[in-house]
Amino acid sequence: MIIVLKPNATKKQIDHIVKKMEKLGLKPWLSEGVERSIVGVIGKEDVIRTLPLEGFPGVEKVIPILKPYKRASLDFKKTPTKVSAGGGVVIGGKEIIVMAGPCSVENQKILLETAKVVKKSGAKILRGGAFKPRTSPYSFQGLGEVGLKYLAEARERTGLRVVTEIMDVRTLEMVTKYTDIIQIGARNMQNFDLLKEVGKVRTPVLLKRGIASTIKELLMSAEYILAGGNKDVILCERGIRTFETFTRNTLDLNAVPALKSLTHLPVVVDPSHGTGRWGLVSVMAGAAIAAGADGLMIEVHPNPEEAFSDGDQSLLPAKFDTMMKSLRKIAKAVGRTL
Amino acid sequence: MIIVLKPNATKKQIDHIVKKMEKLGLKPWLSEGVERSIVGVIGKEDVIRTLPLEGFPGVEKVIPILKPYKRASLDFKKTPTKVSAGGGVVIGGKEIIVMAGPCSVENQKILLETAKVVKKSGAKILRGGAFKPRTSPYSFQGLGEVGLKYLAEARERTGLRVVTEIMDVRTLEMVTKYTDIIQIGARNMQNFDLLKEVGKVRTPVLLKRGIASTIKELLMSAEYILAGGNKDVILCERGIRTFETFTRNTLDLNAVPALKSLTHLPVVVDPSHGTGRWGLVSVMAGAAIAAGADGLMIEVHPNPEEAFSDGDQSLLPAKFDTMMKSLRKIAKAVGRTL
Amino acid sequence: MIIVLKPNATKKQIDHIVKKMEKLGLKPWLSEGVERSIVGVIGKEDVIRTLPLEGFPGVEKVIPILKPYKRASLDFKKTPTKVSAGGGVVIGGKEIIVMAGPCSVENQKILLETAKVVKKSGAKILRGGAFKPRTSPYSFQGLGEVGLKYLAEARERTGLRVVTEIMDVRTLEMVTKYTDIIQIGARNMQNFDLLKEVGKVRTPVLLKRGIASTIKELLMSAEYILAGGNKDVILCERGIRTFETFTRNTLDLNAVPALKSLTHLPVVVDPSHGTGRWGLVSVMAGAAIAAGADGLMIEVHPNPEEAFSDGDQSLLPAKFDTMMKSLRKIAKAVGRTL
Amino acid sequence: MIIVLKPNATKKQIDHIVKKMEKLGLKPWLSEGVERSIVGVIGKEDVIRTLPLEGFPGVEKVIPILKPYKRASLDFKKTPTKVSAGGGVVIGGKEIIVMAGPCSVENQKILLETAKVVKKSGAKILRGGAFKPRTSPYSFQGLGEVGLKYLAEARERTGLRVVTEIMDVRTLEMVTKYTDIIQIGARNMQNFDLLKEVGKVRTPVLLKRGIASTIKELLMSAEYILAGGNKDVILCERGIRTFETFTRNTLDLNAVPALKSLTHLPVVVDPSHGTGRWGLVSVMAGAAIAAGADGLMIEVHPNPEEAFSDGDQSLLPAKFDTMMKSLRKIAKAVGRTL
């Protein structure tokens, strides 16, 4: 940590800071320059971070040096983490894993139909929401446990693995009973009580980036889960909120290689939410693979016009199939399989 | 709702849309222009909104007309809502209510000391977090119920009312036992299960705007609480996330008169989080009053250097007192009291 | 254009609006709903757009329907525009064109050396700035005409075509004398006098998206050039400004397929500025190709440590060569050549 | 400048960096920590900044310490700068100066009429655009020199001073002939050639913040003008672009006290562009004064419905008069006059 002092910081103020550090068992060094001085401290940043140093008299700004996350860091674990969803499906290996399905679980028939077609096209995991975070209290809120049962049943019938979202800590036991991967949605990326709870179970967690969360904050939220003891965290870039309104979100593909340079955790991309327009999904799925994604999450619906949610960004099964064929070529071009 | 058709939309596609509308009991009208045609529907937007119209063939874009919220709207209730926090403290009237106190409840002594000084300077409500949403799992997470007890005790001793944050639905009963106002923090503004639960109790709710939430989304989240039956919702502008990094957040004071033009609910402003720098807090508190705020939420700490959180943005009691004197003049200039 | 009236708009106010329209030779239609009425007008949006309709009494909001650009629109020209940079180099065809070179032209030797290596690796166009837009007045501002001469000379020696930035209308004649493509930088995307001037010449223009410009605004700026008579406009996505600070900008690859769905103009991507980190450039260049880019703009410097500007995001020639080999595979996977 | 090294930086890499520094005449100090080492250099940041240190092997990140601007800094000049617009009108003193008038100069009659009413209500400076930066090439582009003449004439008749925008370096001589203050619009805040030119004249410059420019970048652009020799720079906050769409821009009033803590230059606020809605202008003008603004820029039009531009955000003369009366009270409350 570097503490930049004001040009007119007094000796007394500087001494006060240095003593504070020493009281915490740290070894600060003072570097006096012509225009201003700085105090540096290396190591035990956890301790230092609890101090509101910018509130100290004589301090101009405080600059952290070490990364605030540990277990999520490449420094902590140098080899890529491979997350097993069971049934031989592994996220983070050479194979790019596609998760596909409807936004919401609407009924047994549509879900099963969708599961069969996405399986046939090459998806390995079925997605579908039983609990839906909706901006409006008047929108469809999901089928709840019934939806989870439909998902489990579709798994039985197709062999696909299942990923579904959890929104409420009180449903954790119920959700883990039915799903192979627990999804934490963008709006709950900083629902810390929920993160702590999923840190206690052993079901893999797919953690979506919040719409206004930085890459660092995403890793800090992953750190909550890892610190709880659950090592199977999959990160998901799904678009951030910017000034651009033509697309629903701005898919930040920079985040894929950026995350790969910082963490050992696998990274998947959701171009359905990342664009909000079905016409852009296939192309951006390909771009995600080229950017290094370990997996994709795609909304597919046999009849988007009748979908209870996100119909605008869902692919028809035929489009999904065409896309998968194109993606295979790109995967091969970057040395992956799909 | 206006459905703008593509220039090359076919008659068949248009008929399909019109019939879909009629099937839902709506009366669409078709307006054929030289360059393109549009289909309009007025009324029952709730019904229409469930349709993913942008996914229909021939459709270029869909433009909503009616506001998606009802109970929060000025159309629904034309007189300003006054929220009583008990003890004669009312938010939304002529008097500007100041809520002040430490970011976190740290111990009994500091809390009580702070309560006394802010009370003396004119604050009416004591703020303080017993449950803290922290970016890092390694930061201080709050005292929990012990902290709530300290708050209640400080209320006994000073006569101040209390506002404190809830993060987890499982603590609702506990939190409502001790507090006069339940705070929903920025990170939980779209924690819909939590919104639903606080909608069921009768304790007033202070709902903070999410860092990347629009004014409309803030009102939609208020709608969740109102729809649940709890009519006492206070909105809080606390800064949004933008590209600017000099300040912790960008305090969006436009939101105050904007909200006043849309809703009957009272609006308070938190310049501590809205700036993240104690040197800017007093001035921006004054600006908030000029912008029409019904209240302020200010972090005060007797020794910011020792604060467990947010020390950088906390005011010293003496500064708080000076600020309150300045604010009184501005309040008077805009026809309010403080 | 749709004019949404307030619920309490009076008949007099509505008549006033309708008459205003008719006075302008337009044919408005009034649609009266239960909750509120709307007035629609189709055609001649140019005329209507000049009216500040939202300032009219009784009006709640005004919603444009037609696109504000014409010549840039796919409706205007349905086939992709191919821009010739001379020497057989065409942007917008099956071949992906790579523009590479140093950020700034620094001296004859380095430029020529860089030109030779990028040519050898497959670049078709040499980039390099003779006039540099620098945030600080104390930074290197470019070599001016001398730099342009070096570029022209490098073209002679290598056969590469040249693209270079113009910042000042007064240098237009000079710049066009030496370059094959004129670049308008992000900061000048809305320097309308400059756009008008480059609209008058017949040298192709590479128009970079402003850091906070929407896709629509980019097309409006292209419209300025097209309206001036210059039909050879190449659009360039180079990253937008968001809250994320890990990368210099957020490369908005969504913009590539989005632009392709709106305009006939070719689209190139600049991953050097779009990431600001050389370690991410190669991967994001591949993602850009998968997203449908017609070309790439890449900063290459034989000794980034000595570069006068943007050394942090420049590739070494060897890395550039490796990247080009990878890109060829991705180009092939999406049916393009490189 | 602090250079944070990678945990695995080699001795050779570190030596290379240290030597590079020494070659530039700097005195770096190396601090070796347990987890990683850092290299610090204080002084002559101009020299260091030219090095792309993040491109050096072994470097993780580079953290600047000194401010990149000098002449604009409070460290350079400790007393507030007062800018005289002639005729006894001074911006930056105790008196808050209001600049008011139409967005565009449309004709002689309307301009004069507006000038008279704003003068009567207390404005000191007449604003009006003769050259208009319009997003669309098909919108009204301004009257040019004729408009400047009308402004000068209105000055003669009313005694108001004049501020008007310059867009093109070629019109500098013409514009300075007629105006008392030259305005650089938001879109040209980083039109560096224009900044250099206005740095050479002695007419005061009102520099508007770009819609996506940081406070630091605004000061860097001021530095261009100051470095050219023109000491009379007025900064203007006019709203930034964020994800919020209800208002045209997000007025960043934090920027006012933030700028005051960094620079000696006066700061004015434009709530017309900062909100884009006339209904919010008056209230936000008051908030700007409470935030410490030295002046205001307000769009007023006798008939907004007929305005050629920005009618949506223009105040009617009667509203402007009412606003001025309210603002006087707030000004008094904060110890200023108006």
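Each chain gets a letter, A, B, C and D, in the order it is written, and its residues are counted from 1.
What we mean here is this: contacts are C-beta pairs under 8 Å (C-beta built on N, C-alpha and C of every residue); 3 or more make two chains touch, one makes a residue touch a chain.
In this text, all values refer to a predicted model and were calculated from it rather than measured experimentally.
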Between chain A and chain C, the fewest steps along chains that touch one another: 1
Most distant chain from chain D, judged by the mean position of its C-alpha atoms: A
Distance between the centres, which are taken as Cα means, of chain D and chain C, whole angstrom: 26
Distance from the mean Cα position of chain D to that of chain B, given in whole angstrom: 31
Intercentroid distance (Cα basis), chain D paired with chain A, Å: 38
Shared-contact residues (touching 2 or more other chains) in chain C: 212, 241-243, 245, 277
Category of the chain touch graph - line, ring, star, complete, other: complete
Interfacial residue positions of chain A with respect to chain D in the complex: 2, 4, 7, 29, 31, 33-38, 40, 42-43, 63, 65-66, 75, 212, 241-243, 245
Touch list for chain A against partner chain B, complex: 20, 46, 49-56, 68-69, 133-141, 167-170, 187-188, 190-193, 195-196, 210-212, 217, 220, 223-224, 227-228, 241, 277-278, 304-305, 307-308, 310-314
Complex contact set, residues of chain C against chain A: 212, 214-216, 240, 242-247, 250-258, 261, 274-275, 277, 279-280, 283-284, 286-292, 326, 329-330, 332-334
